[in-house]
């Protein structure tokens, strides 16, 4: 019987400080057994349990994209015991990853649709995965317009800065990068909170447009009315939820919102689904 | 004790009708024999739900700070031990005297439900209390016992049956017990050689399931995050390892030193019948012998482990 | 269906004989009440014991269970690679399990053995286990098992159902596993099927007479949000002290926590029973807690058992009516009352 609790052994191949306050680092892992990489076939929006023997596991969204081969990438905020330990690990260290877990953004449904990606702070990881996936030459033609609104407290707190600025230069994606505030006179993008930027810059809704929203609760709270104003229906707003998790496979029982388990039935839900369930997240 | 319930209900109806308190915390009839449950009554129509009998063995001081209104008072029915824990709450700044209306209930002790259950081979289907006479029924037999014979141990050794603080009394005070050997149980364990004593405590906790009912029923255990629940750093393992189980019990007991009123709620709550008081009683004895201290008797005095006094004994630090 | 009759004089001999094949679990008494435990070679099950304080769920789902281990010694090959611990899945038999507890195992199976994932620890232990039930002739005051899709002589989930007939057990062999167990004990005195079945029916009817009943028929019709937002939860939760007793004694509560520990250079990952009554259960690392208050946690427990589970699996409520939580709750929160309130609730 397959044991879903056994992580694939991985080696830390690279560690990159992701934000100026050093609270986020991006870890690149390479599978110890090449065959495991195939078993780990994932879709943008899924997560995995990063597994440190003797310390514990944490569920983290996959930041690399299914079109990127040979490695997987996770950007991790240092907050609890396991993430703190992970931040202190070194290149070459061995640990585990378990997954891929959960559902993904509804790529089948998004085919031939306009996609608006809205992210805030460090909840941009699976959104990065999604953007890289959609921009891949093999996939770009499957989607219509792509808009991205992404904001952070300051320029130094934006994740994947170089990629963001590269995307900004492309003409097959509309980037709306914003920061809450900055004293950088060279800053050439937006200033202001994500919901305001959404209201001013996101494309108005039509039946072919879907919004994917990820961010801190406060951002989500104020982005929803902005999208409603633009005409988005509940089923057109797609969100990824977080809850405390342990098993990641729907068995340990803690991450439920109503009868849905965030780890297995989610983490991706439409606002329509979320509104039919107790908001315990 | 059952005669005081009419008085309690009258007092509560009056307090609620006049708006003197916003709610009354008391006990209600349970849904199974020998059970009662804490209840908050907010309307005078509901005061009939209040009961007081020999099964009201939990400590209502545990419920007070959760439901304190921003303004005004709540009333609480208090046995001797409940009242002492209310005092402890006041001394520890969890509640102030003017937030409470204390309905003192003199107490002749609570029954040991396990002891009664052990008299029967089958399950008890009825329990009737009439003064000191308890009539207990199971499908196989009907037994009459004297309440005195089935009291909980902490009630047998209680010397504060009457509330130490109250706004009104629900009955005349009862006679206090005087004991020749108040700590015979502690002395018994203390007399064991170290190996036997260790074995005693190992045996004591062997069935612990770490449900923390003892802690959660205890009015002293109001820490917002208990040390066993801390995750960074994590002080205690979470599994069924003996060391972790014992660490929980030992540390919890020490955290209650000089504060415990021996109300017995911990033992009452334990689903596994662990006599948790074997831990706390020794500390109560020490507090009495070393500092002349019994918890919850005086609102003006700081507990012994809170203060330094030049005449504190120090021969126990070696 | 095969029936056999077992003279009580032959019982212990048969059980001892079966120890060659099985690890034997059964009720034993200690000073803290009765438990289902693995029996030492010289111990026999206390078949006429009352309801055990803890359910037999631990036979398949121990309160603490090692799952994986790894060495942290970098000089050893495969260091930091977590591997499953060796398990003992040799045949075991649980004697004297109550019929409702056997149904509970089937409900727990829905969680641990589903189309997407199979939990190998639970599933392999389940496959190795034979359940020999004993009908309950005298259900206690907390038993409401007839309201939950089983009852004192329910057969679901059992391999053998026995009835206590004073000097003998009448055993109904329900599965091949049961047949094998009876063979291993040397119990082979066949009993007349029609006569035996009618004896079972009489005992069942007699036992069911005194059981309290609870209505659950309206639960599936209610809306989750109506029940969730209903005003009665504050009253239901008032007395709750948020201990984990109800969930730990429950035969159907399956939630667990996963923890890592290290000793010297060995890392162990294990699981423990967890409880939705604990604030830590849902506490985010950020400090945010979606079920931070007592009333939210009490509501979760009852909503899970009596609504979410009902909607998700269409197998009735996640409760078998054993009454353990009612009997053990330090503050007498009674699931029968809560179920009735939920079942009768009409939103305004």
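Each chain carries a letter (A, B and C) given by its place in the written order, and its residues are counted from 1.
Just so we're on the same page, a contact is a pair of C-beta atoms (placed from the backbone, for glycine too) under 8 Å apart; a residue touches a chain by one contact, two chains touch by 3 or more.
If you're wondering where the values come from, they're calculated on a predicted model, not measured in any experiment.
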item: Chain contact graph, described as a line, ring, star, complete graph or other shape; value: complete
item: Between A-B and A-C, the pair with more C-beta contacts; value: A-C
item: Most distant chain from chain A, judged by the mean position of its C-alpha atoms; value: B
item: Separation of chain B from chain C, taking each centre as the mean of its C-alpha atoms, in whole Å; value: 32
item: Where chain A and chain C are represented by their mean Cα positions, the distance between them in whole Å; value: 39
item: Computed distance of Cα centres, chain B from chain A, in Å; value: 51
item: Shared interface positions of chain A, touching two or more other chains; value: 80
item: Chain C, residues touching no fewer than two other chains; value: 257, 259, 261
item: Residues within chain B bordering two or more other chains; value: 231
item: Chain B residues within the chain A interface of the complex; value: 231-234
item: Chain B partner contacts - residues on chain A that touch it in the complex; value: 80-81, 84
item: Complex contacts: residues of chain C adjacent to chain A; value: 67-68, 70, 72, 78-84, 111-112, 114, 116-120, 123-124, 224-225, 228, 254-262, 267-269, 271, 274, 276, 281-286, 288, 290-291, 296, 300, 303-304, 307-309, 311-312
item: Complex contact set, residues of chain C against chain B; value: 30-33, 35, 50-51, 53-54, 63-64, 138, 140-142, 238-239, 241-245, 248-249, 257, 259, 261, 270, 272-273, 275, 278-280, 294, 326-328, 330-334, 336-337
item: Touching residues (chain side chain A, partner chain C) in the complex; value: 1-7, 9, 32, 51-57, 79-80, 83, 93-96, 217, 242-244, 246-247, 249-259, 264, 276-281
